[in-house]
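The following pair of complexes shares a single chain, chain A, combined with chain B in the former and chain C in the latter.
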Partner chain A sequence: MLIKLTGGTVYDPAHGIDGKVMDIYIRDGRIVDRPRDGERIDQDHNLAGKVVMAGAIDMHTHIGGGKVNIARTLLPEDHRADPVMHTEHCRAGCGHVAPSTLTTGYRYAEMGYTAGFEPAVLPINARQAHLEMGDTPIIDKGGYAMLGSDDLLLRMMAANKDQNAINDYVAWTLHASQAIGIKVVNAGGINAFKFNQRMLDLDEKNAYYQVTPRDVLQRLSRAVHELGIPHPLHVHGNNLGVPGNVETTLNTIAGVDGYPLHLTHIQFHSYGTEGDRKFSSAAARIAEAINKNKHISADVGQILFGQTVTASGDNMAQFRNHAAGSPNKWVCMDIECDAGCGVVPFKYKDQNFVNALQWAIGLEIFLLVDDPWRIFLTTDHPNGAPFTSYPHLIRLLTDKTFRNDMLSSISPDAQKLSTLASIDREYSLYEIAIMTRAGAAKLVGLHDRGHLGVGAAADITVYSDHADREKMFSKPDYVFKDGELVVRNGSVVKVTWGTTHVVRPEFDRSIEKEIAKYFETYHTVNMEHVKVTDQQIADDGRGHVQVHECKGRREKTA
Partner chain B sequence: MQSSGKSQTDTNSTTHEHVACPACGLLCDDLTVSRNAGGILEVTPNTCARSVQFFQRPPTDTSPRIAGKPATLDTAIARTVEILRQANQPLISGLGTEVQGMRAVMSLADKSCASIDHMNSNAFMRNIQVVQNSGWMTTTLTEVRNRVDLLVVVGTDIVSHFPRFFERNIWNRESMFGQETSMREVVYLGGRDIDTSAGVAPDGRKPDVLPCDLERLPEVAAALRALANGKKLQVTEVAGIAAAELEKLAERLKAAKYSVIAWATTTLDFPHAELAIQNISELVKDLNQTTRSSGLPLGGNEGEMNANQVSAWISGYPIRTSFGKGYPEYDPLQLSADKLLGSGEADALLWISSFNPERTPPQTSIPTVVFGHAAMKFDREPEVFIPVGTPGIDHNGVSFRSDNVVSLPLSQLRQSTLPSLSAVLTAIEQAL
Partner chain C sequence: MSALTFTLKTALQQRLDLSALTPDQLAGKSRADIAAIQLPYGRKQLRVDEVFDLHGEDTANIVFANSAAKLDYIGSKMKSGTITVNGDTGAYLGFQMGGGELAVHGNVDAYAASGMSGGLIHIFGNAGDFLAAAIPGDRKGMKGGTVIVTGNAGDRVGDQMRRGTLLIEGNVGSYCASRMLAGTIGVLGTVGEYVGYGMRRGTLLLTSKPAMHATLQDCGAHTLPYLSLMFKSFGELPSKFAKIDKNRVQRYAGDVANDGKGEILVLQ
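Up next, the complex of A and B:
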């Protein structure tokens, strides 16, 4: 099967292509060179005047695992407002803040997204995360395994185990959880909450282990680097949502030995304490630090106004913030000496000073960070807003007039404390393509996605070039997934099942003896049962696993 | 027809170690199961009454039946398809299955516009009601095993339903944080004539017992919550428990570093039992203002968690969801199996119980298809009986534990001619 996409205007930042009219050829799911003259073209799509990009990649979206399912269970009233009928191609479900898995896959594809990465896979809950992602159609997926509050790591650190042992445990976890990266959530804080600590700043000690968050970040970021895992340590900082947490965030950037870090939903970690209400924007300081420190990347975690639900591993912060939630019902869990979770519904209101300023802070960060390869478009779905609001967010970034109109409608006190009105920047389509495609693929470590070069998987999205970017990005003309036409005019026309992306760094298997003994002594499950097998992901013949390269140990530890 | 999962273990070997046991929601995975030449399984060590009964049932080679007469699987499937085609509002209930089976249930329910409910849901839905009304703070078994210092058991002995709970999670010898586990305190709150022997510490120390009628637990829990919040009671006793005793318990909860309040979903099954669960859950939240405390809802028998988890991710709702209008609608009151059968709204019943032959379908006059454990016996023969494999014996699977977080692989332990539920339901869906 040879498909030709003729004469579209292509944005492919991985190859420096910025709006060039080109033809693209697809054979058997991959992008190929121009065929020989006379070779039969099976399908030719005339894309004159259309915008062509690689399929978009959401590098941080809560789409699978226990806390997402708790969020679904918690909010039937939200689902009732957005029922999804079964159709010729699609099964039934429901949408809005915590959509059913099937609807999640369809709606991502209908927005031109072809991959999403679940950022909080608890190793002990990894099987569930993969089961849910396995029922998420069309898009590719993957997960970041959560470490940093698990008792085994903290025990190893308290016992002053050498870095090689930590590296081996981190690598083992990636294999067991079938993950593509490592995430740390409120480093050590979820664990400290179990010992009744309520805050844990970067240099504060865990009451039991006497280990600090900074120690955890240093150990894990070094492990990720030395194992050659492409995705830098994915960091949900300490003190989420706390006014003044900018200092913690800046300290984190400065103080982790220079190993690459990805700071996630940084908007929630960019708060100052200025002004009458002791809550202010620290976006400028954060952006300046990101601009200066080339080893740092971040995604924003933009909030948008309306009902949503926050689902996080950070039960220390979720418990602290539950009183601000709406409606007033919430779930917190301690989980298996591994981690925790907290699910709190939120309704962000544009006339609420704090919410309005959060909205402005996110946009300020987007617009003040210079390098679109190191800042990523997320709402931390569903924590800041559901992923279905991405087209609206793209319009805010690309259209200054629209942005300022919105700004003038929010809480006047928040407007006064924001510099947003003075920022003229408008993101170009090329920059949007970096943030949502080329940059995201590079950050996650997907060599064959996020670009349109020969050999890439044919994940391709075609848009009509509306001046209204919200309209444009809401409803692509075509979406191809692995070369198959899956969406036409914003509706699913074919359901496929994507790939699960993982990394499997080499490690010294003798670490398993220690892990097995730990499980045997203290846990209620056998270590072997923690491991998610390929077969459990591939069941029903729908999913499969793609292993991405790790460059191996970047330096040996003595 | 093949079962959908390939064996992870060598089915020719006679001994399997680290076997997970789905006979209750604890899913203990430290069992060793051996198989003799006749296909009879024997469990050692770490047994309990439930696991012995579950694994040691002799294999039954039953063929499908239509109206009591032996039939091929294909004709039984064809007859089921006919029943589904004629039905306006089919009900798929029982739902005693593992995750793959439940995925197939959801797909078939969507296709056939059916409602779904679970055999244990009259009790189980009370927990869901509390979550959906006010939420809760809970913990999981490994946390309990390593951290609990005060266990309050509400309205149950636990061990009738979860035999190894105390052995594995309370009186375990080693714990991670240097705690002397034998010093753990146990209080039984509510219920009458509860067998509290499992709560006796290894050194013979007896648990405290505060009995009352189960039906009065909502007010007892409310009083305890009020006391923990520093309020004074105007009465000297609540449901026969002295106010002073409740006050003492409230103080102990406040002083504990990691208290756990456990209940068994099945026992809190009386009108308005959800108010007991809600008061316990709110008490736990209040205690967390100053110390740590967690709820521990114990359930998960007969694949209850599997049904609910899979339903939640595929439909967005817990069980008691209907696909009748082409999209999922959730109604915890109107869509209970009892109600749909009692009112005559349901006009075909598909009943699933693959773990337990004793859980037979409710009496009903509407056409009934049973996907059951092969040893199932009926007082009244259903229109169609399709024996299916038992997950964790006849085929692989995945099952969720009581705490709703941990899922464990179930392994095939012997060769079996019985099809898996998911294989049968998929064939039915394809024929529809």
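Up next, the complex of A and C:
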């Protein structure tokens, strides 16, 4: 089967192509060179005047794992209010802020997204996460395994184990939980919460293990680097949402010995304490630090106004914020002593000073960070807003007039404290393509996604160029997933099942002796039962696993 | 203008969701618009005119004729006008209803008046289980308004009820007023076991002493003048409760395993 996409205007930042009219050929799910003259073309799509990009990649979205199910259970009203009917191609579903798995996959595809990465896969709960992601159609998926508050790591660090042992444990975790990266949430803080600590700053010690968050970040970022894992350590910082946490964030950037870090939903970590209400934007300082430190990348975690639900492993932050929840119900729980979880429904209001300023801070960060290869478009779905609001967010970034109109409608006190109105930058389509495609693929370590070069998987999205970018990005004309046409005019026309992306760095298997003993002594399950196998993900042929290379494995660096 | 009448013309295989057919939502719509409304039916949707014959034009007064037990969500979220049902109805009658009047000349299934916050529902037949109770996941059942049941009601009546008045002239099943938060329930007939189980606050008015579980406490006989006022306030309602003129009761408090501020009053 040979498909030709004729005459589209292509944006492919991975190859420096910025709006060039060209043809793309697809054969057997891959992008191929121009075929020989006279070869039969089975399908020819005339894309004259259309915008062609690789399928978008959401590098941080909570689409699987225990907390999403808790959010679903907690919010029946969310499901009742948004029923999705069964159609010719799609099964029924529901949910606006925490949609069902099927609906999640359809909606992502209908927005031109072809991959999403679940950022908080608890190793002990990885099976649940993969089952949910396996039930999410069309898009590719992957997960970041969560370490940093688990007793085994802290125990190893308290015993001052050699870095090699930590590296082996990190690598083992990636294998066992079928993940593509390592995430750390409130480094050590989830554990400290269990010892009755309610705050934990970067250099504060865990009351029991005497380990600081800085130690955890250093150890893990170094392990990720030395194992050659493409995705840098994915860091949800300490002190999320606390006014003045900008200092913690800047210290985190400075304090990890230069190992690469990805700071996630950085908007929630960019707050100062200026002004009458002791809450202010520190976006400029954060952006300056990101611009200066080339080993740092970040995704924004933009908030958008309306009802949503915050679901996070950071039970310390969630416990702190539960009183602000709306509707008034919340969950904080431990999960198998491996980490924690907090779910708090939240309604962001544009006339609320704090919410309005959060909104402005997120946009300031987007616009003040110079390098679109190191800043990513997320709302930390569903924590800042559901992923379905991405087209609206893209319009805010690409249309200054629209942005300023929105700004003038929010809480006047927040407007006064924001520099947003003075920022003229408008993102170009090329920059949007970097943030949501090429950059995201590079960051996660997907060599064959996020670009349109020969050999890449044919994940392609075609939009009609529309001055209103919200309209344009919410309803693509065509979406191809692995060469198959899955969406036409913003509606699913074929349901396929994506790949699960993983990495498998080499490691010394003798670490299993220690891990097995730990499970034997302290856990409810045997170590072998924690491991998720390829067969389980393959699920009778519906899914499969793609292993990405860990290039440049390094020996111990010091 | 005659009432807008939907006459059910087919036997249904699946449950049919009628939440779209309320006076508020139909106001200003033409006959053709109404006929074309899609109603969720299992995994499909059906047009209104595939299921109903339509007569009349007054959208503020709706009649469902030949109604059957598979018609769910009648009067869901309605705020004004009247709906009259001739025949049985399915579940979720008057779900989250905010105002208006709803009368059913037949029996209704589970979760009638769940989440209701205002208006009047009069059920001339029997009500199913979970009358005025919270649906799973919700934390409050009925939140206001008045419900009159001429016949009997099932189990878990008033589970997590928060406010409003629920007057039942027949008998009620087990777990009546369980986990009740506030409001008033009256039952003229008998109640089943575990009455007031987990009851937090609120008032349950009975005419004979029910079987009591261990955490309901007898507080003695009292003359409560406010009861006269309450029965007087029922004066306008088409219910036997309007004719009661008593204020001497045996009072039981409970469920003391759950705050214990609820009261069960047995008229003497």
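Note that the second predicted complex is superposed on the first by the 554 of 558 C-alpha atoms of A that agree within 3 Å, B and C clash if a C-alpha of one lies under 4 Å from a C-alpha of the other, contacts with A are read in each partner's own complex, and residues count from 1 in each chain.
We take it that contacts are C-beta pairs under 8 Å (C-beta built on N, C-alpha and C of every residue); 3 or more make two chains touch, one makes a residue touch a chain.
A quick note: this is a predicted structure, and the numbers were derived from the prediction, not measured.
*Asks:* Aligned on chain A, chain B and chain C: do they clash or fit?
*Replies:* clash
*Asks:* Is A:Lys329 touching the first partner chain B, the second partner chain C, both, or neither of them?
*Replies:* both
*Asks:* After superposing on the shared chain, does chain C or chain B touch more chain A residues?
*Replies:* B
*Asks:* For A:Ala92, select first, second, both or neither according to whether it touches chain B, chain C, the two together, or no partner.
*Replies:* both
*Asks:* Just to be sure I read the superposition right, which of the two partners does A:Pro83 touch: chain B = first, chain C = second, or both, or neither?
*Replies:* both
*Asks:* Which partner chains sit in contact with A:Thr101 here, chain B, chain C, both or neither? Use first/second/both/neither.
*Replies:* first
*Asks:* A:Thr73 in the overlay: touching chain B, chain C, both, or neither? Say first, second, both or neither.
*Replies:* A:Thr73: touches chain B and chain C.
*Asks:* So which bit of chain C gets in the way of chain B here: 40-48, 94-102 or 166-174?
*Replies:* 40-48
*Asks:* For chain A, give the residues common to its interface with chain B and its interface with chain C.
*Replies:* 73, 75-76, 83, 85-86, 92, 329
*Asks:* Within the complex, which stretch of chain A touches chain B?
*Replies:* That would be residues 64, 66, 68-70, 72-76, 79-80, 83-86, 91-94, 98-103, 122, 124-125, 127-128, 131-132, 135, 151, 155, 193-196, 208, 319, 328-338, 343, 521-526, 528-529, 533, 535-536, 539-540 of chain A.
*Asks:* With touch defined as at the start, can you tell me which chain C residues reach chain A in the complex?
*Replies:* For this pair, the touching residues of chain C are 40, 43-45, 135-139.
*Asks:* Using the touch definition up top, name the residues of chain A that touch chain C in the complex.
*Replies:* 73, 75-77, 83, 85-86, 92, 329
*Asks:* Show which residues of chain B lie in contact with chain A when the two form their complex.
*Replies:* Going through chain B, the ones touching chain A are 4-6, 8, 18, 20, 26, 28-30, 99-100, 103, 107, 110, 128, 131-143, 145-147, 168-169, 174-177, 257-258, 288, 291-292, 294, 308-309, 312-318, 323, 326-330, 398, 400, 404-409.
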